[in-house]
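Next come two complexes built around chain A: one with chain B, the other with chain C.
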Partner chain A sequence: MSIALYRVDDRLIHGQVVVGWGQPLDASFIVLVDDTVRASDWEQDLYRMGVPPHIEVIFASVDEALRRLPEWEAERRVGILLTGDLDTMAALARGSNRVGKVNVGGIHHRQGRSERLRYVYLTDAEAATLRAIAARGVDVTAQDVPTARAVPVGEFT
Partner chain B sequence: MSELRGVIISHAALAQALVSAVGAITGVDGALLAVSNDGCDSGALSARITEAVGAGPAVLFVDLPGGSCLTSAVRLAKGKADLGVVTGVNLAMLLDFVFHRDVTPAEAARRAADAGGKAIRVPAA
Partner chain C sequence: MAPLTPRPRLGTSLLRLFTVQGSWNYEYMLGLGIGVAEEPLLRDLPGGPGGAAYHAALGRGTHFFNAHPYLAGLAVGAAARAEHDGASPEQIERLRTALAGPLGSLGDRLVWAGWLPFAAGLAIAGIALGLGWTAVAGFLVVYNAGHLALRWWALRAGWAHGTRVPTALHHPGLRRAMAFTAPAMALALGLALPLGASYLAAPFAAGGRIALAGGTALGLVLLWWRPMNLTGLRLGLTLIAAALVAGWVWR
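Right, the complex of A and B next:
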């Protein structure tokens, strides 16, 4: 089944991912792509705490993710790939043609960002990054949970 | 030792509801503060928790044993003896906590976990 969800969420592994998406997708593995977390055993232990034992958690740097995407896409199991920021997802989309859809699941308020949706705040540069990902033929939508409407990128950037 | 403060960190409005319930049952005010992760990235949530903790000491009561509330709480408490963390917050552990705040944060966290766990039962119907 491969990776069913490519998600940008600044909270990384949390309830909406594990329960909200993980249950309906019947996800068996989560790939967390983050250079900082990849370098910290302590942070990895922390994120593993939120995941039930039947779901494997794989921590990868951006370079590792680009190398291993074909392997994960060939998996018989269903997986979720997470990044905590748009630049990381943009790097994956630029470096691989495997990323066909991007789900913006949660980018929260910070100085310089403006509200685009209840759970999406972006700077103008971040909005441009999303449009650039979409311009590569990637289907970019915002959707926090599966029961919500998938909002096309043109409606919030 | 100064009395501990409890900071409840939760999704949505759960933390505030627990603070209200403890106040209604015990009449004790000021022992607990509520922090919601609504609308927060990890930086904003950490700032809210830090403000609620103040000068400490405190026990951080987190709703789930994983997720943004826990990661922010553990990051803040890492290496600090004046902060304890316990997950799976429930009303029973908070009721016990507000009357037993003259111990260290680590002791209070262990006691809270014990009190909360004992309250989970399957009574005969």
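Right, the complex of A and C next:
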């Protein structure tokens, strides 16, 4: 089944991911792509606590993720790939043609960002990054949970 | 390491944590409430209340944050302790970010999907067995004892460990609680569902019971078939609407 969801979420692993998406997709593994978390044992330890024991968590840097994407896409299990920011997802979309859909699940308030949706706050540069990902033929939508409407990128950037 | 803040300050912080859900909004989520709860623990920073360290720490405390409200005290205590220990602003931001998701996920599994349905299941079974208000009182005592203990433990553990707070989450008591709540919840609900259904269906004639069983079976099939589109709430509201229409047509 491979990777069923490529998601950008600045909270990384939390309830919406594990329960909201993980349960209906029947996800067996989560790939967390973040260079800083990849280098931090205590952060990995924390994120592992957020998932039930039957879900494997794989931590990868951007380079490792680009190298291992074909392997994860060939998995028989269902997986979710998470990044905490748009630049990381953009790097994956640039470096691999396997990223066909991107789900913007949550990018929250920070200085300089403005509200685009209730769960998506972006700077103008971040909005441009999303449009650039979409321009590569990637289907970019915002959707926090599966039962919500998938909002096309043109409606919030 | 800074001396422990007198316990009354932790008590004030705990009391403020009870209001944390009231601060929720889409922009900061629990951030503002977390800052308010952290404030009593920051008053002893160099310069005292009004000092630069206090203001900077309080500003950081109110940044965007979300977690399970019962475990949010862990982040409050840990961030305040890290401020006293002189951790850098970047370290504290990283700690808050890393704690948010896991505390939310752990709390959801431990409380919303464990302790709460466990206590509610026991109460429903008790009511169905004729215990009446005793079962309701038992629910309030059992549920609140668990969640108050969890809140107090979380705040103290965060304050005791600071940036080393991941260690606190390996506490054997927490692990035992995680291991206990899921099967206990399944057992309690397994007991409550047939007893509750039998109790609620008792006033109906055979036809009504068959319709109730049919509606339940249909709901289970639909939830299994369309998990991405259907929720229990949507299904329940649809069935209530259908029942109202049917009752109006056949009255």
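Side notes on the structure shown:
The rule is short, and it goes like this: the second predicted complex is superposed on the first by the 157 of 157 C-alpha atoms of A that agree within 3 Å, B and C clash if a C-alpha of one lies under 4 Å from a C-alpha of the other, contacts with A are read in each partner's own complex, and residues count from 1 in each chain.
Simple rule for what comes next: a contact is a pair of C-beta atoms (placed from the backbone, for glycine too) under 8 Å apart; a residue touches a chain by one contact, two chains touch by 3 or more.
Treat the numbers as computed from the prediction; the structure is a model and nothing was measured.
Look at A:Pro146: by the touch rule set out above, it reaches chain C but stays clear of chain B. Once the two complexes are laid over each other on the shared chain, residue contacts for A:Arg98 go to neither chain B nor chain C. After overlaying the two complexes on the shared chain, residue contacts for A:His108 are found with chain B and with chain C alike.
Once the two complexes are laid over each other on the shared chain, residue contacts for A:Arg68 go to neither chain B nor chain C. Of the two partner chains placed by superposition, A:Arg77 touches none, neither chain B nor chain C.
After overlaying the two complexes on the shared chain, residue contacts for A:Pro24 are found with chain C alone; chain B is out of touch. By the touch criterion defined above, A:Gly50 lies against chain B and chain C together after alignment on the C-alpha atoms of chain A. In the superposed model, C is the one of chain B and chain C that contacts more residues of chain A.
Overlap of the chain B and chain C interfaces on chain A: residues 10-15, 18, 42, 46-47, 49-51, 108-110, 119. Residues 10-15, 18, 42, 46-47, 49-51, 106-110, 119 of chain A touch chain B in their complex.
For chain B in complex with chain A, the touching residues are 11, 39-44, 64-68, 70-71, 74-75, 78. Listing the residues of chain A that touch chain C in their complex gives 10-15, 17-19, 23-24, 36-37, 42-43, 45-47, 49-52, 108-110, 115, 118-119, 121, 146-147. Chain C makes touch with chain A in their complex at residues 26-29, 64, 66, 94, 97-102, 104-106, 108-109, 113, 166, 169, 227-231, 234.
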